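The following pair of complexes shares a single chain, chain A, combined with chain B in the former and chain C in the latter.
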Partner chain A sequence: MENNRKNRRDFIKEMSLIASSTAFLSSIPWLNAFAGENGKNVAASDRVRLGIIGVGSRGRALLLNLQEVNNVDIVAVCDNYEPNYQRAIKLTNGKANAYYDYRKMLDKEKLDGVVIATPLHEHAHITIDSLNAGLHVFCEKSMARTLEDCKRMADTHKATGKILQIGHQRLFNPVYLNALERVKAGEIGQITQVRAYWHRNNDWRRPVPSPELERKINWRLYKEYSAGLMTELASHQLQVANWFIDKVPTRVMGSGSNSYWKHGREVYDQVALVYDYDNGTRCIYDSLTSNKHYGLEEQIMGDKGTIEPEVNRIYSESIPKAPGIRQLVNNIEKGVFDVIPIGGASWVPETAVEYKGEMIAEYANNDTFLQMVGFVKAVKVGKPYKNLFREGFHSSIGVLLGLQAMDNNEIVSWPEKYILEKEV
Partner chain B sequence: MPEQGVYSDSFFAMGTRCDVVLPGVDEEFGEQVVQLVKDEMIQLEKQLSRFIPQSPISRLNRAAKGEWLYTSQTVWEILTICYDFFQVSNGVFDITLAPLINLWKTNRGGRQIPDDEIGRAKAICGFDKVEFDIEKQQLRFLSDGVEFDLGGIGKGFAIDTIKGVLLNQKIKNAIVNLGDSSVLALGQHPNGEDWPIGIRNAYSKDEYIHVFQVNNETVTTSGTVYNTEKNKRGVRQHIINPLSGKPIESPCSVSVKSDSATFGEFLATTWIILPEYDRKILSEKCRKVETLEINYKSESDFETRLTIL
Partner chain C sequence: MKDILIPAKRVKKELAILLVCFIAAFLLNIYAIAKYATSWSEILGQLHIIVILSLVIYFIVAILRLILSGILKAFK
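So, the complex of A and B:
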């Protein structure tokens, strides 16, 4: 564990290096969390008291990561499903008070903030109740099951002034941050398209101990609780597209179907969508549950290069010519006849023997941990990072508008009321 | 002087960089031509690479002795050409030396290779352990462990293939450069009668040791000296003398100007290994060929010999 902690300090150190590039810092305000991070012990009063609501598979991961963050006390856990409830007690060694009902937890505990990782349809009311109780909130993506709920969450966040951070960990991923920096520096030129996909080959079905628990356990398969592939997968990637294109889409069209899994699932098992932006840029998206060959990626394409952040690669559109060839081309253009220095000792490639692009950045990545560090820092300061919530909001709205386009077979324009202006 | 149009592009294939220069060709057509060249090289790599498990060469390399084997038309063609080269060079040009090449790779870092290890590797090498049935286009291994490695000839074969692709597209003038060691110079430079291909001093890159006047020909170089992008230089022990089982260690190179780069690769490699007397016999069989031999005595001193056949 000591070794593990050391590595986690290294993650933070890496992030503080990224944050130390000031030009970049202004466009990614949440990197401030890592600027000047020293990791030293602080007074007990500076410790952050958190409650975790929903300790299923994602909640468990968040809890374990939070336990590695300095100056955090997980003082309460809450889950209304008995096995998760028991697991939460075990994971916190009985030190956290355990609740079945989050309202009781909010009433009884003196908390600074909560981390919400319940099924999607429960995000909105728990978030709104917590914000109204004066707590800062970290809520897993996607924000909510309906557009109205997303909006209500945003409005409450604004009204209370409390932090509402949506769990898009790529925003804290050193590879993505480095890739974005290279985009801003013009390395791949003008982005004109992002092609993103998430392909899996499984039915998403979790084992159910008894039939009455089906909808509770397999909530991702039912429209009442989830928008399926859109809220669970596409939201991550639409967030990346919006972030890199640096715009909110103007409209979306799409098509979804149940083509493979015939097991009572209500949500689509494959989707294909096109998001348009006002400058003609496009995000082309698809997700599949019956083939995993291509896995997941966001192919960020500019006129000078391509970035594939999931595999940590950047590709240039033009491969550098041999120096002698460069000289030859120059000479021909100028009408000069000169010796061509290309024969002789063979040229040995130093790195690439075939062009597989270059690594964007060499980092041991743990973005889920880093986003929790970011949240805890914000809670300590008591103020949200500028524009961080905006990312989660537009992604959540975008996937639900996409669902609407597919459900109603229409092109859906992005309503004004669902646009958050950038804070400066 | 007036400015002239030229299309050029570079890509990676067959383990090297490929540069294509097409004077007087517009961008649209240039892109199409380069795509054809690229497709051809990718296809060739899929056929000829022993590092691609599904390639016809890899399949042959996995085959047991005794069994008659069929392979692709391209592989058959290159194997039979190589077999002719093997015979005409008295066994000096041999594409079955993979076990020795692999063994000497382990020598990096100065490890001494014991004679018995060399002997064991040598015992499984030898193109004479392959039997061809020309009529039925089939071959078989006469002993176990024989492995083909086309690394010494593949790029030359690619250059000759690309020449056909360019001629089919009615391209008259072009440079195609595969890693500086295999160059096709089709037609002529827009401002000259030929393409002046300069062979540089490996230790002083601004100094030309010789300039070949090349017109519809190829220039291939084999050698133990190499350069990298960042101007690192060194000697690679990758050319093995099949008779001794040991690599050529002295810093040297042989460049060959010839109609065919496949032939050029063969001659350049063979020239480095062959003793003087045998070279004479071989040169009697060559036509329209120039060879430039460079032996580096030190970083500042070298000897050259140009032979025009």
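So, the complex of A and C:
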């Protein structure tokens, strides 16, 4: 446990180091919270009282991370599924009051904020009720199942002035922050395309103890509760694309299908989309559930280089020369062993450049913990970070517009009412 | 079991050949730096490659010497 704590202090110190670049701070306001932070324990005053609504797999992860954040009391937990309810009590050693109904929790507990990690279709009404109850809210991505619900959440956030942070942990990830800093410094030139993908080889189905719980447990597979790959996976990567391109798409087109898993799922098992931006930049996205060879990545491509943040690599378009002696040996080797063509193709296939690039940043990585630290710090101050909510909002809207494009087989323009202007 | 004795003269000769191989590899590095217009810091920076290259040259020379001595023995 001591080692764990030490690591977590190190994570915060790393963020503090990134935040020390003042030029960068203005473009990432939520880094302000980490500036000057040394990660050491501070006096146990000003504690933040939180409740957690939804303690399934993601809620459990958030709870465990929050338990490592200084000056946080998890005073209440809520879940309407018995095994999760019991697990939440266990995880908090019985110290938190447990509820089946979040409304009772909001009525009875004196909270500063809530963390919402329920199935997607429940995000909107719980968030809106919590904000209206005067609480700050951390809500897992994606925001909501429908565009209207996203808008209602945004409107309530604005009207109440309370924090509404959407769980896009990459916004707090030191590798992504460093990558963005390098993009701003012009290291990869002008971004012209972001190619993002998330490939898995599984059906997403979880074991169900009894048939009537099928839709409750496997909610990701049903259209009523989820937009499938779009809200669960693509939302993370569209957020990254928008963030790095620094724009909101103007339109989206796409295609989705159920090509492999024939087990009653309603949501697509593969999707492919193109998001256009007003400067001609594009985000090309695809997600697959029947092949995991390529895994996940966001390939941020500029005229001078490429960034692959998931694998922590940056590649220059002008590949550094190999040392002279190696070039000489390679050329001699080629001269001796290469096949001499007599006839055949007059071109060489333009396959991928074989170049391992450089590491973006040497950082230990726990972005979920860092985003929870960020949320707690904001709750302490009582004010949302500028432009943080905007990232989650545009990502949530984007994936739902993408779904609309696929469902209706049309090119969908981004409506003006779903654009939030940048705060300065 | 029969002991194999390597006379000091032979050891000196082999070390001299190895030194010549190292010098050849070193000169090859200088040639490569000039030919491919890379950094002159590679004279020291690529020393590990030079050591490997000099061993490779030494073994190639050793094989040639073995073949040559075999041919000479066959004609005697």
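Simple rule for what comes next: the second predicted complex is superposed on the first by the 382 of 424 C-alpha atoms of A that agree within 3 Å, B and C clash if a C-alpha of one lies under 4 Å from a C-alpha of the other, contacts with A are read in each partner's own complex, and residues count from 1 in each chain.
Simple rule for what comes next: a residue touches a chain if its C-beta (ideal position, glycine included) is under 8 Å from a C-beta of that chain, and two chains touch if they have at least 3 such contacts.
Small disclaimer: the values here were computed from a predicted structure and weren't measured.
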item: More chain A residues in contact [chain B versus chain C]; value: B
item: First, second, both or neither for A:Gly324, with chain B first and chain C second; value: both
item: Partner chain(s) touched by A:Phe337 [first = chain B, second = chain C, both, neither]; value: first
item: Which of chain B and chain C A:Leu17 touches, first, second, both or neither; value: neither
item: Those residues of chain A which chain B touches in one complex and chain C touches in the other; value: 321, 324-325, 328-329
item: Contact set on chain A toward chain C in their complex; value: 321, 323-329
item: Residue ranges of chain A touching chain B (in the complex, touch as defined); value: 318-322, 324-325, 328-329, 332-350, 352-355
item: Chain A contact footprint on chain B (complex, rising order); value: 1-6, 8-13, 15-17, 19, 21, 23, 175, 177, 179-181, 183, 189-192, 195-200, 202, 205, 208-209, 211-212, 219, 221-223, 225-230, 232-233, 236, 253, 255
item: Footprint of chain A on chain C - complex, ascending; value: 28-29, 31-38, 42, 45-46, 49-50, 53
